[in-house]
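Once you scroll down, you'll see the structures, which are given as structure tokens.
Here come two complexes built around chain A, the first alongside chain B, the second alongside chain C.
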Partner chain A sequence: MTVRNLDLAAAAPPRPMSRLIAPAALLALALATPLLSDYALEIGFRLLILLTLAEAWNLLAGYGGLVSLGTASFVGVGAYVLTGAVNQFGWPYWAAIAAGGCVAALLALGVSKAVFRLRGLYFTVATLALAEALRLFMVNHQGFGGATGLFLAVDPPGLRHLFWIALSLVVITTAVMSVATGSRFSILLRAVRDDEDAAAQIGVRPFRIKLAVFMLASFLMGLAGATQGLKLGAVEPYGMFGVQWTVNVLSVVIIGGQGLRAGPAVGAVFVVALSEALADYPALHIAITGLIMILVIRYAPRGLVGLARTRGQRMAPLS
Partner chain B sequence: MSVALLEADALVMRYGGVTATDHVSLRLNRGEVLGVIGPNGAGKSTLIGLLGGALRPSEGRIRFDGEDVTALAASERARKGIGRTYQIPRPFLDMTVRENLLAARFSLHPFGSGAQARQACDAILERCGLADAAQWPCRELPLLRRKRLEVARALALEPKVLLLDEVGAGLVDHEVSELIELIGSLRSQVQGIIVIEHVLRVVRECCERLLVIHFGKPFAEGSTKDVLASHEVAAVYLGTAHATQRDHDATTALPGDTTGNATAAPVATAATGAVRAPVLELRGICAGYGQARVLDGVDLAVWPGQVVAILGTNGAGKTTLSQVISGTIRPTAGTLLVDGHDVTGLPAHRIARLGLAQCLEGRRIFAPLTVEENLLLPARSVAAAVRAERLERVYALFPDLKERRHHAGTAMSGGQQQMLAIGRALMSQPRLVVFDEISLGLAPIMMDRLYLALAQLRQAGMTMLIVEQDVERALDLADEVHIMEYGRFALSGPAAPIRRDPRLRHLYVGTAD
Partner chain C sequence: MLSVDVIASSLASGFLLGGILALIALGLSVALGVMRLVNLAHGELLICGAYLSSFLMAATGMDPLAGLLVVGAVMALVALPLQRLLIAPLAGKGMEAPMMTMFGLSIIVQNLLQLAFSADTRTLEAPYTARPVSLGPITVPQVYLIGFVLSVLIVGAVHLLVAHTSFGRALRASSADQEAAAVMGVDVRKVHAWTFALGAACAAMGGVLIGTAFSFTPSTGGSYLLISFAIVVLGGVGHILGTLVAGVAMGLLQSVGAVVFGDGYRDLVGLVLFLLVLALRPEGIARAGKTG
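Up next, the complex of A and B:
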């Protein structure tokens, strides 16, 4: 499984300079927001949501070794909870989004006993089954609007406002990722990823570590899903629980470089830019994305960031 | 009597049909170093797994410091102070060496000072001779240093009891001295140590008491001096425990065969005279995994009709050698020839087509298939009549299999599964069969029956390469013997003179004297 083929550099502490890149970029984006056109905001919103999801998935799979195909279930739960909280209880947006994240984390807690009984590929299959089961349930259960879904009772906020929300999500995600990948928790997490049994023999409780990271990632995915639901103003099971969420996030991280801190960002920019460039040719877009995935997996298993890094190392002695 | 530090009471461990641990009890007192020895497959590592919590015993109880820990998970036992190492090191490969230790530290004291944790880890690394590698990614650590890391990581847990599983294997003399020194210095730090070891010097110089396990059962127990002096223990290690009885069996079961060795040599020489090239030839084969070089220039020839045995202790490279022959491992240097043609680097299935059959360590029976289906697999492309005839021949050799032909392959006892594995290898009508440790984990009686079958095959002129731990049985059967040590043949020659060679005992028992 390629997922275990992780990068050694992920283990080394990042250099101080590179640690400042992410905050600087986010600050620049925040300052530039009032100047952006509607088109840029639209693209930017998509990019930021995808980035949040990809970061969460990278935490789960790249750092935790838990390759999940259940992204859609947490996105969908976030979106539905937001709609419910706003419609039924009249909660403000921020509280409803937070609720979306929390319920997604609770879902992770609820299914953890079952899915953690399985390891490796079997875990992956179980998460996929979870997503599909939830989607079918939402389609067939009339309580949540069935196949038609639900409409947000109030008007969604403006595009600029939504962009701000998405940007704050990425800020939260970056902060969570910095703590989770740079702290002592990350050492325990990577120990469990590398060898669960050996980790248990030195006193690490693998179940707790995996549960913590699973809930954390699901929380972030729930937030992203809620924000997406807020933007659409309507949620329906085919879209919010659809497998395309899972696939998009997977392609972002694989193209960017899994287990690498910069992987999701590079991958998200690449994937969004590609989809914009080929927006008029949807069939071609899918074919080209597939081709790129094949090439990346074959020739750059650590994604574009990994490729750039090995190139950089090869160039270094020459300069 | 005071409460023992670690106490195991009648532990039983069964895997399907195999009983790996059969009512083993042990008692580790405070301040004591207990050694556990026994031949390979005796169940020593299983015992460590049971004590450390990686395995749940089928029966029996384990008490640590007076408390029953039988039901506790490995992580909980570790937190109580049971530290273990793995025989085959399992470091966290994508982390640095220091981080490997920190994982233990941080799981134990999640909110302790980071600086202190780092300091403590560096002190342990210094002691274990890994200080220079603290920042290395573990993936770059060679095998022997990974073994040191196993000890260091267990120490980072601040254990009360340390379970050391063959940490001395593969060490050269001065490294063994360092290891002995390290274990000696640990006495003041941990309250008790259990050492599993094949390197007898470590056992002799570190342990006060020894427990000998043989076929999963306790075989002997006592002070190190008494146990090592015992003739029975020496015999168990060399596998001669049932020698006299087996000779008797062989002669009664095979009338007309004037015992193995007398007829063996002529058959072999006659065969070599008639053909130009050996069935299988290895020239200067080197192979390894990552940085560990397991085979270091092996030359070997197997002529038609010949039975060649390869002996050696664990880690000598025997299994790697048989994997190179089967094509599952590509050698890093040297050539592999079949009938004089170079087949180096050919994939496994192409080599199998040339008439080389494998009977691998661990049997590898296809679980969802019945006995008969397992047998028919290698003969898929053969005409039905020929297939039926071969099947009958296998059933004639192993009547047990015929009786259970419609049972699931893995629902049988360990010995019957091994018969099935042998039978399956024969179904392809091979010109050479490689038997890799077929006696592993089998009861003596079962080993007798298997070797009886091999003797019959030899009578029929089958060319065989036998990779074995059991010296006596292999010597009985083979025309030519090679003894492996550190990835090379340390001693080669016809079986009879080798049997009398004093170096055999020396090489095999390690540094017996």
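Up next, the complex of A and C:
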């Protein structure tokens, strides 16, 4: 019991005011949607998809200690499942998107034995191998359109409609994150992250906790991938299983602040703004992202949010 | 139906290429074993070696394999300040920070190479690259045989370095117990710096051999990184002879995969094998897994 109490104290629940920021921002975005221009919707859609992915990755890495380089696997699977469900079975969008999330979670379940067998950074390398293996398989296997990919048999919905879908994804993700980071589960998760053996000693089952968080994050990534596939109206392995997804999500969370609730949102805005500023120089853009990542890891290990927080505490030591 | 000649030649090619893969994996293995560094930029170090060799060829007309040691030495000298700048300041901050830093480096290098040399496919041309050599039913490109021999020689040299020199003793001591080694007067920071340089040199020389036997682009490094990891897992971290055996086994299995499923599946076979080994028999790396 004492252990749990200690953990609760260490968890430092967010102040009531800051808890309202995310819902208020989402509500404001929802209300403003009819007013947004096509350009704003386009950027907004990208931001929201990236935010969903980053929240999921943050849950996995920041709260669960499971640093994944396999984001692309779950994005790709979500997009392909959506295309398959719509083309083959004529499912409505929402059901196809949900199916994308579910199959991504099942993929996580399927590979869990391999990726969790060894601790620590082997998870990272194994997830990277998974993404590359899936990409190579989709390129070479002719069953899913091979290297050219598949087209969505029906017209994708309009931009405003897609924006709404992406916004609902973020709402779902925010709800999931609130539950996952504010409940008993979050304590178990942190216990496993910080010391797997000690957690096992006091009766936590590390494998189950890790599997649950891996499946949950993969589900969210699958939803985001499916929505992206719906927007593109076509899927092909180089784009949907591309390492670019992994790089983007990683840089968002590392720059924003790993393991911090506001990290992904701040990071996503930063990364999307940077990509817009350097839109004409794609290679340079990625190189600069890498450089910023290295600098942040070195000088601000808790990202921009962590940096702002330490600054704030220094200025007002009593608050 | 495939003829016996084709199958035998393909397996022989796989065996020989496995030696080159072992050299590449060795570089990753020493960094992981000694520095606990998951070097996600290993593939880019390899590609840098290939570009360096192509630059050397264009500038001096030197044969790529004659320039092999030059490329290795230059990359080692480039790696030393890189390690001091990027990795050394992160000592004591866990394994994740250096790993992510190397990931950042890998995307920087990949994209700078693309800006400098475009995404075009390149090869390192030499008179022996296309010339075949035959033994009975087996026919393989001569360059595979040369690459294999050179790789085995370099792996052997690294083995001698680690097993029989004072640097090797310091390296083994730092690998086994960093604090104890430091207490006994080993300059662990220096050992780490030279270990990183050694790993980079292995990668770069492997890159030259890959460049002569195959082709390369700025973005081909990633798949060699993963195949190297699979070999390290199979052979055991820091186990030099194990790495050689695992490299050859990987080369053979990739060739079997290419014969059975088609050439596009070559790399996929290695990755699936890696995931299977992790799921079923991870004992080869159990020691490093615990410390990580």
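Points to keep in mind about this one:
Heads up, the rule we're going with is that the second predicted complex is superposed on the first by the 304 of 319 C-alpha atoms of A that agree within 3 Å, B and C clash if a C-alpha of one lies under 4 Å from a C-alpha of the other, contacts with A are read in each partner's own complex, and residues count from 1 in each chain.
Keep in mind that, in the parts below, a residue touches a chain if its C-beta (ideal position, glycine included) is under 8 Å from a C-beta of that chain, and two chains touch if they have at least 3 such contacts.
Please read these numbers as outputs of a predicted model, since none were measured by experiment.
After superposition on chain A, the partners chain B and chain C are seen to clash. By the document's definition of touching, of the two partners only chain B reaches A:205; chain C does not. Contact with chain C, but none with chain B, is seen for A:284 once the two complexes are overlaid on the shared chain.
Once chain A of one complex is fitted onto chain A of the other, the partner contacts of A:293 are limited to chain C, with no touch recorded for chain B. The wider contact with chain A, measured as residues touched, comes from C rather than the other of chain B and chain C. Once the two complexes are overlaid on the shared chain, A:35 sits clear of chain B and of chain C alike. Of the two partner chains placed by superposition, only chain C is touched by A:121; chain B is not. Of the two partner chains placed by the overlay, only chain B lies in contact with A:197; chain C stays clear of it.
In the overlay built on the shared chain, the residue A:188 is in contact with chain B alone; chain C does not reach it. When the two structures are aligned on the shared chain, A:24 is found in touch with neither chain B nor chain C. Those residues of chain B that touch chain A in the complex are listed here as 52-54, 73-76, 78-79, 83-84, 86, 90-96, 99-100, 102-104, 106-108, 110, 114, 137, 139, 153-154, 156-157.
Chain contact summary for the complex, chain A toward chain B: residues 6-8, 10-12, 184, 187-188, 190-191, 193-195, 197-206. Chain C makes touch with chain A in their complex at residues 38, 40, 86, 89-90, 93, 95-97, 99-101, 103-108, 110-112, 114-115, 222-223, 226, 229-230, 233, 261-262, 264-265, 267-268, 271-272, 274-276, 278-279, 282, 285-286, 289-290, 292.
Note for the complex: chain A touches chain C at residues 67, 69, 111, 113-115, 117-122, 124-126, 128-130, 132-133, 136-137, 139-140, 243, 247, 250, 254, 283-284, 286-287, 289-291, 293-294, 297-298, 301.
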